[in-house]
Structures are given as structure tokens and as C-alpha cells.
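Beneath this line is the structure, given in C-alpha cells, with notes to follow.
By letter and in written order, the chains are A, B, C, D, E, F, G and H; residue numbering begins at 1 in each of them.
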Amino acid sequence: MSNPNWTVYLSGEIHTDWRERIINGAEAADLPFSWLMPVTKHADSDDCGAVILGEEQQPFWRDHKGAKINAIRTRTFIEKSDVVVVRFGDKYKQWNAAFDAGYAAALGKSIITLHEPDLTHALKEVDGAALATAQTPEQVVDILSYVVTGQLK
Amino acid sequence: MSNPNWTVYLSGEIHTDWRERIINGAEAADLPFSWLMPVTKHADSDDCGAVILGEEQQPFWRDHKGAKINAIRTRTFIEKSDVVVVRFGDKYKQWNAAFDAGYAAALGKSIITLHEPDLTHALKEVDGAALATAQTPEQVVDILSYVVTGQLK
Amino acid sequence: MSNPNWTVYLSGEIHTDWRERIINGAEAADLPFSWLMPVTKHADSDDCGAVILGEEQQPFWRDHKGAKINAIRTRTFIEKSDVVVVRFGDKYKQWNAAFDAGYAAALGKSIITLHEPDLTHALKEVDGAALATAQTPEQVVDILSYVVTGQLK
Amino acid sequence: MSNPNWTVYLSGEIHTDWRERIINGAEAADLPFSWLMPVTKHADSDDCGAVILGEEQQPFWRDHKGAKINAIRTRTFIEKSDVVVVRFGDKYKQWNAAFDAGYAAALGKSIITLHEPDLTHALKEVDGAALATAQTPEQVVDILSYVVTGQLK
Amino acid sequence: MSNPNWTVYLSGEIHTDWRERIINGAEAADLPFSWLMPVTKHADSDDCGAVILGEEQQPFWRDHKGAKINAIRTRTFIEKSDVVVVRFGDKYKQWNAAFDAGYAAALGKSIITLHEPDLTHALKEVDGAALATAQTPEQVVDILSYVVTGQLK
Amino acid sequence: MSNPNWTVYLSGEIHTDWRERIINGAEAADLPFSWLMPVTKHADSDDCGAVILGEEQQPFWRDHKGAKINAIRTRTFIEKSDVVVVRFGDKYKQWNAAFDAGYAAALGKSIITLHEPDLTHALKEVDGAALATAQTPEQVVDILSYVVTGQLK
Amino acid sequence: MSNPNWTVYLSGEIHTDWRERIINGAEAADLPFSWLMPVTKHADSDDCGAVILGEEQQPFWRDHKGAKINAIRTRTFIEKSDVVVVRFGDKYKQWNAAFDAGYAAALGKSIITLHEPDLTHALKEVDGAALATAQTPEQVVDILSYVVTGQLK
Amino acid sequence: MSNPNWTVYLSGEIHTDWRERIINGAEAADLPFSWLMPVTKHADSDDCGAVILGEEQQPFWRDHKGAKINAIRTRTFIEKSDVVVVRFGDKYKQWNAAFDAGYAAALGKSIITLHEPDLTHALKEVDGAALATAQTPEQVVDILSYVVTGQLK
């Protein structure tokens, strides 16, 4: 039995430590994952277009330049992934997370959603496209551990 | 010059008359469009799984059954479309609209977003994947009219 | 709102009248479906290779010739379909039905499974790839009716 | 002449030692294969959803949660494979094995089926999509050895 | 049960009346086929490049110009087809017929080969990619009739 | 023999009457073509973004808005086409014509280039991806006539 | 500038030393190629099905079993390749070489044909799909050397 | 967080040192890029067909042979890339650069264009397909650095 390397993209909410909890949990178990993620520094993600390519007067184009540079990273990484974990928190619109989920779904990637039960109704279409819906990062670690090792702990 | 039929999917917000305004505007100009859309009766969209396949005790599975039946329609229609218009309003999470946009983007569909300027920053990733961002249904009609007739009015 | 024609492939068990019940139910409601299906005459399906291309001494090759001719029909029709309904009965192995479901899943078709509850555990992987699991042909009609008309009856 | 690594997915029956016989046979010949397979511990495969994400009252949803988590592994591995070996035994429905075969066929993977001659008629559609049908694991080793080394022993 | 139109490409040998026998046979049975084929006038097929775009001094480029113009037709038609029938006769190299078969195979088209038994060994790779191997045009008609009507005559 | 409708996209230079000459030539011969083309009114093509969605202060964004709206038409039409004719004249950069040719090549469309011999060296990569290179619109008509009718005039 | 590894499939004639001349020529220049090829031992290629899976009474099925096992190797290798070199000699039908060329063409692989000038007319369709036509193995080495190093010797 | 290797293709103008400035800039920052590019020695790029495969009398075929050999390199490299940078200078037609951009766009690659502002209007369609438009090689380095490290400097 071979253990091929799995690539996991961690999409969505950037204000809590859920990514660290998943990565640390998986690394504690010595699992063969490569972790990819969007730019998680909020300010850099907002400013990258204006800082690198020049400031803009119109907010729309300022955002546009930044969003497209971020897309170079985001789309490349989603396409390189086997599994996409999408985290929704209780703040902000997080439309980019749902957009990533749709993008991953159309590419046939395995999707795991991660959110509190009170978001169930609002996320029913996204959960409907996922192969698992978890409530804690530890459950995501358990799913990833199980699919890669082939056994429950 | 031939005028092939265009298929347009109208995704997103279901509480205002933006779909009617687009369809009526295009039909007034006698343009060759087929219009597709999700189920726009909110209650039916929520209840379809439970009503057809049986009630569920757990809210998660009630939503899940409905969301997947809706997905039969949604995905089939997005795949049949040339253009996907995605409307975001000021209420609700509308994650399904962003999910549709991501799904359409990965399939290489032409996307037009439709929303007020105050949503610009929150929608920058979705707008970044779109070929046009309109603020009114009439602008969407003008875009569709232009791309199909090949001239400005 | 346009009503595009939907193409539905009816795969699986051929010893009960489930296909007729679905087709009749949908036609009673005047729904825009094209119905495709495998060869449902069991003897023809078994004998086609030997009858058309010559008898075989080895059972394996007799079956092989027939199975491949049937595949011309089956694969062409699954690829032309928007929705694939897969019916499992209580008799026979029906591996071809599960094969069709896997084939349809990899092509991204919307799958509806149709079977009694006592097959739930044995069919969990197939149901897991489906967008709906029905127990009666009438439920399938209701799902198809809903996704095409966009409203519950 | 280069010897690229081949990836082989071993799908199907989990109650006999056919996987070990293939892997041991190939490794004895020092052949460059990576071996992938589904979760082969029957209980873990059944329970994974309920154990990781929480118990369910309805058997359908208990199976559903588990089947979808298993699909993360199964589909990822089939997509990574060059060759898919599908084993059918004389017990159980094994619809998931036939589903895997259909899934692999639609992706254009090379399929080798492995079963006793008495299953020939029931498996004719699956065998019809395969590039070889073997009766023993040793024949599978011989096929894999031949295609990778380019010569008969 | 719907009877969708099938598109059949008739590739290969152009010196006997096998195409007419297939088309006449199918039309006598009133079957819903569209028939596509390469340019079957040998001289036109050889000369088209030089006649339309200007004569060439080098035979290689004369052939090249013609072959590529013919490819506009050939590839467009193979891609539009559901079934590709490839006929090999006893004369000439007919490498373009084998090329068409390979092209069709990679696109996942259903292939039917048509040739005398004495070509079996030389054509084993092409027959291996086909779903049926016939010896007479009438057998091809019977196969096409069976897959479209779903019953043996 | 069936005569399926062919769809031809006419890309490139918009200042001479080459499109009319091709269309008129083909229609005189009663050939089954659908003709698609970009917006050929230069001013509309430049202004569409600003006129429909609002004027821009920065020339880059003014052009950007227009170019993306034009892309809705251009990409949709190239994807619907069987053959893409790309015309290069002696004026302007015409990078959009070369871009269309590259886009069509990656999609596997049949490409016919149309230009004077003095552009041969500069266009060698584009001609290298084409299935024919013509110098006059009449030659394009002759090619299209030949591939659709299957015979030289 | 990076020098990625290139994978080259050497298809076709197996009775002269053209493969060795290409491989030796490229290795003398220390070029980063992986070389793939079909089974080049004629007897093994013919007998593999019968030897591994059991003798057949009918020549058709004996060939069929062998051809399909060989296809496991052939298709896997062509799909892994960047460039496919196809060699035609003056003996035998070599339909499998033309089939490989068609298969590679439909997958968008870069094709180099290798044959004497007296086969030009018979191979015009295959050459028309190739990016280069060479007459000697040394020319193939020069092409491969040039495309990988980016300079003429 | 993993840092997967990125592959970047540097297409277009070959008469200034923009490639070196990008590569040196990225290597100074120790970024994990593989750099691919067309043949940048102008004479070799023009002569390769004639030198390797024999001189031609007609300029068209001389260019044609060379262009197709260059295409082996160009297309293989664009397909292996994650990001395609396309540089337009103020001289020459550079249709091959625009062709590469179109080819990359249809494959869904992330495109960065690099040119002076005075080319903005002529390049609006190419820029419209790009995810970023830079004016200096240093800006390209900054974009690549940002998308790979996930933070602004």
C-alpha cells in the first residue's frame, strides 16, 4: 500500500486559528499533506494591486486589481489540490469562500465544509456539494487522517 | 451574419423583480435569448426535499435533501448557459449565488455581476471573475443587447 | 423563463414497469422530457452479438460481443443525458446498473437512484453519488417535475 | 527506455487476500508500482461518518455520511491511477466495485477485472469495458509485469 | 421512449460501395441517422490544396496542403459523430483510416470496424479499440438498427 | 450523406469588405453556414464599456471595461464555431486577431488564415497553427465550399 | 531557464534500430528525456493474451486479448508523453502506428513522423497532423535537441 | 503551509533583457520558480526547420517548417505552466506573443501582460484576458513574489 502525498487547500475565514489547528493536528499524526491557502494577511490581500501596480482613484478598480492578483494564487492552488476545505465563520459576507467552493465543485474536487450548525440553512447549497460537513477543525483532521491512512484511530 | 440563440442563467437574489426587468427589457428589443433560472419560490426551494421524499427530523438533512434536488436544476442550467448573470442584494448571506458564480467561472462561462456599489469590496473576488459588473438590470439588458446585436443602441 | 428540453436516461432493472410509470407520470403532466434507456428486452440484450455477428463457442466471448454492442447504445445515451435515473431491484446482481451510475457520476451527470429501503446499506456508495434517492417511480416523477417547472405541485 | 512509476488502484472485494497476492507478486519481481486501494477494514468503512461527525438516527443518513467520506479517498485515488483492477467475489452485492469500474471507465482508465468464470454473464458489461479479465491474482501480476517491463517472463 | 438522431461517420476505403450499402440499408428501415464521411472523390481529395490555394513544386507540400484542408472536414465530422465506422479494404495503405480510428478512440467515440477476416491480425489494435467488428455492411446496418431501435429484427 | 450546418467565425481586420465577400460567395453557392463575427463597428467596440456602464477617467480601465464586454461575444462565438477564419491586414497591430487565433487553436478549432504574402514571415506561428492559409476571400469560399460539399467545383 | 524533463513515446516499426539511434543520439548529448515505447518484441506482443490469460481457439479472440493487454501499455504511455514520434517502414500494414498517431493527435500531443520520402503520399494525412516530418533518426534527435535546449547545434 | 514549485512561461519580445530581470529578481528572493520560454535566439528560431530538415525554395514553407518545430517547444511549455507572462515591445508585429496569450487563456492559465502604457489601447483584448498588467519586469517579480509567498514585501 502506497501513501501518496495529498494536497489540501484551506479556503475561507481568516480571523481565527482554524488553519493552524488543522495543520498542527495532521502534522502531529505525521500525515503526508501539502497545505495550500489564500493570502491570509487581510491588509496585504486588499492592498496588493495598488501597492505593486500603482494606487487607484476608484475603489472598484483598486479592489479589482487586487482581486485578480489574488486569483493567480487562489485558482492555481485550488487546481493543484485534491481536497478543498472551506471554512465559514459568523462574520463578514465571505462570498469569496463560497465562490471557491463553487469553483472547486465544478472542477470535481472533494470538498469539506467547516462551520457552526447555525449556518446550516444558509449554507445548504454549499454543504450539498460537499463530501463532508464538519463543525470543528479536529473533525477535519480526523476525516483527512482517515482518508489517507485508511483506518479510524 | 447569423444570430444564434443565447442562453442566459439568472442566478441569485429572489426578492426583487430584477429578473423580470431583464427579461422584459430584452424581449421588448426582440432579442434571441433563452432564460434559465433557479427555483425562485423561496418556500418550494426550501421544502422540496421533505415534501417529495419525506420529512426529516434533523434540520441538516432536511436542507441537504432539498439543496441536492435544487442542484439538479441549477447545475444542469448553468452548464447549458452561455452567460451567467449573478445578482447580489443587501440581505441574506446569498452564498449560493457566490457558489454559482464560482461554478460558472470554473466552467469558463461569461459572468455578469449585478449589485449596488456598496457591495464592491465584499464582492471583489466575484467581480474579478466577471466580464462585466452592472448596477442596474437595465445595464445588463444593454450588455446583452450589445453582445448579441453587435452594436450600441 | 424558457423551458429547455431535458434528456433523462433510465438505467437498471428491466423486470418491472418502473420506466412506464415514470414516463406516463411525466407525460400526464406534459413535461418536456426525452427518455432514453438501454435495450430492455432481456433476450435481445443477451443475444445481439451472436445473432448479428455470428455465434460463439465460448460463453465469455458470446457475452463480450453482446455487451460491447449494447455499450454503443448505453454510453451514447448516458452522454446525451442531463439526468440519469438508476433503478435497483431485489433480484440479480445488476452490476451494469451500478456501472452506469459510476460512469454517469464521472461525467458529472445528475443521478437519481430508485430502490427499496432494504437496499440502502448495499447501495450507500451509489446513493452517496446521487442527488436524490427515491423509493417509488412517482417520487422520481415529482422530482423531475419540480426541477423542470421550478415549483412544487 | 525509461520505467515510469505506475499507479494501480485495487477496487472491490475485501474478504480474501487477493490484494496481498498481487502486491507481493509484483514486489517479488521488483516492479515500479504504487498501490492504492479503498478502506479495506469493513467496520471502519461503515462507521467512519458516524464516528467522526456524530451518530445518526436514520440508517440512510448514517450510511450516507460514511459513504461520502469514503468517496474522498476512492475518487481521489481512482483519478490518480493508471490502471484500476476490480475484483468481484461470490458474496455480497458489491455494487461499489461496479460503480468504481464505471467511474474509471468514464475517466478512460485501463481496467482489469478479476473474477471466477461463473460470474461471466452477470459481469459482461463490466468485462466489456475492461482491457483484460483475469481469474487469478497471479494473472493480474503477469499482466502488470508484462505491460511495465515490455516482455513476457 | 425517444429516438434521438444519431450521427455516424463512415471512414476509410473509398473504392467499393460499402457506404451506399450501409446508408441504403438503414434508410430502408427508416432509421434516424445523419451520415457523415470524408471526401470520397479520390482526385479531389488529392488535388484540393493545389487547385484552391495554388500548385506546389514539392510533392510533400502539395500533399500537405491538401491533407490539411481535408482535415477541416474530417476532424469536424468525427467530433460531431456518435459512432465511427472504419472500413479497411485489401488495397492501399489506408493509414488515414487507422489514423481516424485512433482519433475517434481518443475522443471516446463508439467505433465499429468493417473488414475481411484475413486482415484480423494486422488490425488487431484497431479492432481492440472498437465496440464491434463486422465483415459486411449489412452487419453494420444490423448493429446500427439494433442500437437505435433497441431490438433485434 | 447529410449536410450538417457549419458555424464559421470571421475574426480580425474590420476595415475592408472581406467578410461580405466570403459570406456573399458562400451564399451564392447556397452553402449551409452560420456566420459569426466580433463587433465590427470600431467605435462601438471601443466605447461599449463606457457607454453602458459609465465613463472612466483612466484610459486603461475605459479600454478594460470595453474589452471584457466584447469578450462575452467573442469567446462565446469562437466556442460555438467549427471553423475560425482569421484575417490580417497591413495596418494596425491586430493583436486581438492573433489572440483569437491562439484561443481557437487551444480549443482545437479548424483555423484558416487570410493575408497577403508579405505578412508570411511575421505570421509564421499563426499560419503554423492553421489548416489553410489563403490570400483572397474567394479562396476561403472555395475551401469552405469544398469541405462542406465534399467536391471541387 | 529551467530544463524540465520531456517524455517521448517512440511508436511504430519494430524491425530496425531507429529507436536505439534516437535514444543513443539524445543521450550522447545528455538531454533530459524519458523514453517510452510499445512492446517491441514482436512475438511477445502477439502472444501476451494467450500466454497470460489462456490460449484461444479463434484467431480473432487470440489477437483481441493480446491487443487489449498491449493497449494498457500503449495508451498509458501516450498519455504520459509530451512528444510522440511515429515511424513508418516499408513493410507491413503498420495500422497500429497510424492509430497511435490519431490517438496522440486527438490528445493534442506534439507528433513527429519518421519515414522515407516514397511514403509521403500514403502518409499525407498523418504528416498533416504532425509538427515535423523527418527522414532519419538523426533528424529526430536534432529536433528534440533543439526544442529542449532552445538552440541549434 | 507548503510552497509548491510554480512554473512560469515567459512569452514574447526577445530583444531586451526583461526575462533576465524577472529571473534574477525572483532568484535574488529565493523563490521556487521554474522558468520556461520560447527559443530566444532569433536566427535559430527562424532557421531551425531549414537547418534540421532541409532548405526550402518557398519562403512560406521555410517559415512553416520552422514555426511548427518551435511549436513543439512553445505549446509543451505553455501547457506545463501555471503562469504565462507575455511581453510586448514597441517593435515588430509580435503576433506570436498575442497568439500565445490566446492559447494560454483558452487553457485557463493565469496571464500577466507586460508593456508600456502607450500600447494599452492596442492590447486591450489581451489585457482584458490577463489577471495583471505590469509596466516593468520588477512589477512582475513583485506579483510573482506575492502570489507565491502570500505576503507583500
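By definition in this document, a contact is a pair of C-beta atoms (placed from the backbone, for glycine too) under 8 Å apart; a residue touches a chain by one contact, two chains touch by 3 or more.
Remember, predicted model here, so these are calculated numbers, not experimental data.
**Student:** Note down the smallest number of touching-chain steps it takes to go from chain C to chain E.
**Tutor:** The fewest steps needed to get from chain C to chain E is 1.
**Student:** Applying the document's contact definition, name the chain pair with more C-beta pairs in contact, C-G or A-D.
**Tutor:** Output for the comparison: A-D.
**Student:** Comparing each of C-G, D-G or A-F with C-E, which pair has over half of its contact pairs in common by residue number?
**Tutor:** Over half of the C-E contact pairs recur in D-G.
**Student:** What whole-number Å value describes the gap between the mean CA coordinates of chain B and chain F?
**Tutor:** 30
**Student:** Centroid from C-alpha atoms only, then distance chain A to chain C, rounded to Å. What do you get?
**Tutor:** 36
**Student:** Can you list the chain D residues in contact with two or more other chains?
**Tutor:** Where chain D meets two or more other chains at a single residue, that happens at 68, 70-71, 108, 133.
**Student:** For the complex, which residues does chain A have touching chain F?
**Tutor:** Within the complex, chain A touches chain F at residues 56-58, 61.
**Student:** Please name which positions on chain B make contact with chain F in the complex.
**Tutor:** Per the stated touch rule, the residues are 1-2, 4, 6, 82-83, 108, 110, 112, 131-134, 139, 142-143, 146-148, 150-152.
**Student:** Considering the complex alone, what residue numbers of chain A touch chain H?
**Tutor:** Residue positions touching the partner: 7, 23, 34-41, 44, 47-49, 51-53, 65, 68-73, 75-77, 80.
**Student:** Could you pull out which chain A residues touch chain B in their complex?
**Tutor:** Touch residues, chain A against chain B: 59-60, 63-64, 66-68, 70-71, 74, 88, 92-107, 117, 119-129, 133.
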